[in-house]
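Two complexes, one shared chain (subunit A), two partners (subunit B, subunit C).
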Partner chain A sequence: MPSLRALLTGTRGRTAPDWTDWLTYGYLVLGLLLMFGPVVWMVMSSFKTPAALNEFPPQLLPYGQAEVNVPGYDRPLPLYRVKVADGATRTLAEVRRIGLTATMVDPAHPQDEIKVDAKDRERVRELKFAWGNYVEIFGKFAFGRYLWNSVFITVVATLITLIFNAMAAFALSKYRFTGHNVVFLMVLSTLMIPPTIILVPNFLVISQLGLLNSLWGVIWPAVATPTGVFLLRQYMLTIPDELIDAARMDNASEWRIFWRIILPLSAPALAVLAIFSVMWRWNDFLWPLIVLSRSENFTLQLALNAFQGELTTQWNYLLAMTVITLLPITAVFAFLQRYIATGIASAGVK
Partner chain B sequence: MQAVLAPLRSVAGAAGRVALDLVDAPMRALQRVLGVPRIGWMFVGPNLVILGLFTFLPIVIDFYYALTAGVQLYPSQRPYAGLGNFATLFECRSYLDPSSCNKDLFWRAVYNTAEFALLQVGLMVLFALVTALVLNRRILGRGFWRGVFFYPVLLSPVVVALIWKWVLQRYGVLNAVLAAGGAPPVEWLTDSHWAFFWVVFVSIWAHMGFYTLILLAGLQAIPPDLYEAAEMDAASPWRRLTRITLPLLMPSLVVVLVLGLIRAVQVFDEVFVLTGGGPGSATTFIVQFIYMTGFAEAIRQYGLAAAASLVLAVSLLLLTLVQLRISRRSVAGPAGRDHA
Partner chain C sequence: MASLKLDRIGKRFGTATVIHDVELDVADGEFVVFVGPSGCGKSTLLRMISGLEPVSDGDLFIDGKRVNDVPAAQRGLAMVFQSYALYPHMTVRQNLAFGLENLRTPAEEIEKRVQAAAKLLRLDALLQRRPTQLSGGQRQRVAIGRAIVREPRIFLFDEPLSNLDAELRVAMRAEITALHRRLRTTMIYVTHDQVEAMTMADKIVVLRAGRVEQIGSPLDLYRRPRNRFVAGFIGSPQMNFLKASATARDDAHMNVALEAAPATPVEVRARASVGPGSPIHVGIRPEHVRLDAPAEPAIEVVAVVERLEQLGGISFVYCRLPSGEALTVQVLGPLGQRAGESIALRLPVASLHLFSGTEDAPALTEH
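Here is the complex of A and B:
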């Protein structure tokens, strides 16, 4: 029994947890609440109807007015718990209400109408997930379009990033051409030039290339990443040169060597870069904000930003959109967390 | 690992055959012309073109914009202005009082950014350190707990801002908690002091996990026999922390501090969505000033925006130099890991 307890509480060899263990787990649980709490709160809220969202104080779960179909009435009637004259409580459906008097029926006997004082009753509430929030955003806001734009940018930019960076990494790890060191330093030096300080000139370049308001204007500037080249190069350095020499004996072209030998062997490093590229492009905000000004070109992030700034924000739709936007990233987190940790540990990428 | 790579492999395989057949013939011809080592230029070519067009060329044009005036985007239509843009930015009766400056918003943004960077990075590194120390203890389910603190790092800044905006709004859950305790509701994002507090808080919330991970890696690199020796000498836990852990963690701490500062002076996305820089200019930072001046206002002052970009670039360059200097010293210095 003591050993089981020690296992469960994770103490350092002692039989009872000491106060530092209590403090440790207290800190962790607090962290859990603080880190996941707001996200859970938002996900739960996204299933609420506008009426439920306007309630104060709000409730975690999406409760709504319970309704019942009563024969003889063409729409569902709201349910109330009513205190009747003899002190008992009955659940009745409201037919209509005029002033302080409500006309109710018992759903089991819809023919007898009962007059009730509006003070003597309270609403029956039940869990009601407003899936409509998730359906209506596609009809009302061209949400499908924004989703497509985000997916297009993310997938295409990631594919080009992988190929371009792998090519550069291959050249910088396997060839000794004149100036390869200078090239490598140049690529790395771009780490010191963050996009925030070249916004204006980049805007000029993009507009001269005719890429303003085009998804390609977001894709092209992003596909050459120094961190990607660095990460892939470090990995390719571990691939033995003998493999390449053997392929040359077989009269394979350099391109075939790259494509058939180096790329497949670099798959683990490519996977890490792919995950990071997907997150970078999916989450991009400032540069798309500058390049894409027409709403039909908006990405999800831009659409969210535009909706939240409107005078009367429709939070039920905005919350549903936000949840859809964070879903892919949450999936990456759930299944590929180990790769991300590898990437951060080996190249300090973020 | 297999689950990820298997579909990736089959897609890459199918696309690969097509790409190989299409590209191989011209590549072979090019290889005959260039020779083997020089074909390397072809492989770095696309990357260099992209970096040249969207990083190196823009840095040069940045100076051109900063030295010219007017509202035209096209360079040849912009009149030369010398250091006029910088003079406009720096025209101030007293640098300590932003409202005495010609471009008061710029100076407010500079002061806000400095205050934000110091507060946010200082507190974030402190919390990241505590979290890393906690995660480094012998705890049940360490992977899970590490994930808990890391999760917000992956969220987009827009999503982060909306999550907190929903919590902090007038009828949000935080005010409901206050109301349950009998306190009056607070306008968290329209009171300038609270807005600044929440901008710092949300930014820590969103980024702390990344720095925690770096510090945790640093902690795990400390050789365990040092702690065993300390235990044998009956050193107190506090002494172990201050005499072993913190000195040996110093290089990682410096990295985290500088990386955090480099990111913090460029803060924009989550703040822009959370507060829009307001109320007033209480949470307006430098990048937002650049964005507003160059892209969001009716009269687009590209020259002024470029000049402000260069001021930001100088501060980033200084931070990077500090990082290089310190990281070189820490490798050779007494805080290095040659103890083990």
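Here is the complex of A and C:
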């Protein structure tokens, strides 16, 4: 795309780069490194073996010991670059090493064993992706279970959030009942209460309802969001009342007006709320940590936390899990980001 | 098909009363136009008939049945809105079918009625389009089509043509009139445009500030305006009003002397409920002022031509009388005089309307 190239290489100076170009690009590159550096490091590290992770100095790319299959040996043999007696350097496979002496073979001539001083050899390293990290977490731990819990909570809570908030917003934007402004202000004023303050009351309610250690105990307290009601109400105010009058003349029940007229026309605002809700629920940590104490109910965020053992942490698996945890949010953002822009612009909030 | 009766209908918003004691009978199949300046309450009255706005006082009858408490959907009426109010996310076909789907009409019946309405309104080729892809006139036809498919007992139109350009407005006016002739359904039409009212209505209801000023056929209102407001509102260009003084002669006649021509009083047939020398307003329509001397009695005045509008077939002459009052005259064909020249005008006595005092005081003349 020529336009993209023009965008990426655009300069202020006509012929030579202006000093502002240096400044701008320097600033942008720094920002890029700051933002993407950790993500890239994490993704790359998730492909490393535990040995590669513990290596010092650390490498960005997942390098590993190169190996070769040599006829006559059951397992692949590690490759070394060896300085042999005549001063030349050869690439040999190591059969075994005892003390300071390593026994090597030339992969081309596996029958001749060569004795080498262990000091004269150097590992041959190559790019090696440890896909096993990703495969094994599904088998080794209840990772599928955690993933399912997270997906269930996110999807169900988002659907309920959309429907409940849209209904509240419909009533607050299109019905003129006594005190509708008071109700709206009360809904909005809950924004001023930090979630940590109502943590204990919420917990007591959930516990009385017998929802502790249940996914529904995470879902129900989260579905009514003042932000969502506000965002949807502001959007629904822009839907002309005449459309609703027309639907009433068309024999539509109030529920049908909501379902067939209001909801489809609020799609951009609903998309924004859906994105927010997915992000909130997916990344939620504190509330699930309190409600869910049995490990089979853990969400991914809780599992990631629990996976950091007291004595050892299997970083390769932890990083692989983290990458998988990031994927849905990334996908949601990639596909729905234009809605975020338009929706936020029209709703004028956050 | 239904008749409609409004019995002392009133509407209050809080302490403000916007509709006062409206009485109206609409016969089955009649085309009634509510007309009045903006803010006169005509749209509110229509919305009360539709059921979208609750009635504060009085009773509303459709086909003799009181419907004050019947919700809009169950009154069997259909409404065409000023903004068309087409559902933007639905195609034309879905827009037309929505009302029938809500009534759980069988699919083949819906299809039949949609097709019939589409054919009637020449929308066949547009059924798959969305409202945003249609022109103003097409949207208007879809809005009317949405009303037709429901086969309502009464059609309600809320200023349906005010968003169209002049040319299209004339065409749509004819289409709605033709539609009424074909369907013979009762129609109630709200407009602020007296030309629409005059050309379309069987019966015109002139409203001002929430009160009915006069109800009658277009020609009735033109010939026998009940007060100065109706006289000024109906007819284009507006009726001229000149100051005069009147003295009763007997029960049915009075002597009228224009301020512009005080020396030549004339005798006019009028209800003589005014004292001697009381100030009145004399109204005369621009098309009734004559340049030649008629056989019938007339008031003669000399005026100065201020401005001329020559339309070819007719001309409008804007004159200034010696008393300083303005007078608009409509004459056939082009006019010999030019601006600044004086012109002799005759106001035939038979065409004069006499009004006493305020705008809503009843007319003194009975034509």
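Basically, the second predicted complex is superposed on the first by the 309 of 350 C-alpha atoms of A that agree within 3 Å, B and C clash if a C-alpha of one lies under 4 Å from a C-alpha of the other, contacts with A are read in each partner's own complex, and residues count from 1 in each chain.
The rule is simple: a residue touches a chain if its C-beta (ideal position, glycine included) is under 8 Å from a C-beta of that chain, and two chains touch if they have at least 3 such contacts.
Here the structure is a predicted model, which is why all the values come from computation and not from measurement.
A.B. asks: Check subunit A with both subunit B and subunit C modelled on it and let me know: fit or clash.
C.D. replies: On the superposed model, which is not a single observed complex, subunit B and subunit C fit side by side.
A.B. asks: Is A:N251 contacted by the first partner subunit B, the second partner subunit C, both or neither?
C.D. replies: Second partner only, subunit C.
A.B. asks: Looking at the overlay, does A:M236 come into contact with subunit B only (first), subunit C only (second), both, or neither?
C.D. replies: A:M236 sits against neither subunit B nor subunit C.
A.B. asks: Between the C-alpha centres of subunit B and subunit C, what angle is subtended at subunit A's, in steps of 10°?
C.D. replies: 70
A.B. asks: Pick one for A:Q337: touches subunit B only (first), subunit C only (second), both, or neither.
C.D. replies: Only subunit B is touched by A:Q337; subunit C is not.
A.B. asks: Is A:R260 touching the first partner subunit B, the second partner subunit C, both, or neither of them?
C.D. replies: A:R260: touches subunit B and subunit C.
A.B. asks: Which chain, subunit B or subunit C, is in touch with more residues of subunit A?
C.D. replies: B
A.B. asks: Taking the superposition on A as described, I'd like to know which of subunit B and subunit C A:P221 touches: first, second, both or neither.
C.D. replies: The answer is first: A:P221 touches subunit B but not subunit C.
A.B. asks: I'd like to know which partner A:L77 touches here: subunit B for first, subunit C for second, both or neither.
C.D. replies: In the superposed model, A:L77 contacts neither subunit B nor subunit C.
A.B. asks: If you stack the two complexes on chain A, which partner ends up touching A:A171: first (subunit B), second (subunit C), both, or neither?
C.D. replies: Once the two structures are laid over each other on A, A:A171 reaches subunit B alone.
A.B. asks: A:P194 in the overlay: touching subunit B, subunit C, both, or neither? Say first, second, both or neither.
C.D. replies: In the superposition, A:P194 contacts subunit B only.
A.B. asks: May I ask you to decide whether A:L286 touches subunit B, subunit C, both, or neither, giving the answer as first, second, both or neither?
C.D. replies: Only subunit B is touched by A:L286; subunit C is not.
A.B. asks: Taking the superposition as given, tell me the minimum C-alpha spacing from subunit B to subunit C, whole angstrom.
C.D. replies: 9
A.B. asks: Identify the residues of subunit A that lie in both the subunit B contact region and the subunit C contact region.
C.D. replies: In the superposed arrangement, which is not itself an observed complex, subunit A uses residues 253, 256, 260, 264 for both subunit B and subunit C.
A.B. asks: In the complex of these two chains, what residues of subunit A are touching subunit B?
C.D. replies: Against subunit B, subunit A makes touches at 7-12, 20, 24-25, 27-28, 31-32, 34-36, 38-39, 41-42, 45, 54, 56-58, 164-165, 167-168, 170-172, 174-178, 180, 183, 186-187, 190, 192-194, 196-205, 207, 220-221, 223-224, 229, 253-256, 258-260, 263-264, 267-268, 270-271, 274, 279, 282-283, 285-286, 289-290, 301, 304-305, 308-309, 315, 318-319, 322, 325-326, 329-330, 332-333, 335-337, 339-341, 344-345, 348, 350.
A.B. asks: Taking the touch rule as given, give the residues of subunit B at its contact with subunit A in the complex, in rising order.
C.D. replies: It is residues 1, 3-5, 8-9, 12, 16, 19-20, 23-24, 27-28, 31, 36-44, 46-48, 50-51, 53-62, 64-65, 73-75, 130-131, 134, 137-140, 143, 145-159, 161-167, 171-173, 176, 179-180, 205, 210, 213-214, 217, 237, 259, 262, 266, 268-269, 272-273, 276, 287, 290-291, 294-295, 302, 305-306, 309-310, 312-313, 316-317, 320 of subunit B that touch subunit A.
A.B. asks: Within the complex, which stretch of subunit C touches subunit A?
C.D. replies: Against subunit A, subunit C makes touches at 47, 50-52, 71-73, 77-79, 81-83, 85-89, 98-99, 102-103, 146, 150.
A.B. asks: Mind listing the subunit A positions that touch subunit C in their complex?
C.D. replies: Checking each residue of subunit A against subunit C gives 240, 242-243, 245-253, 256, 260-261, 264-265.
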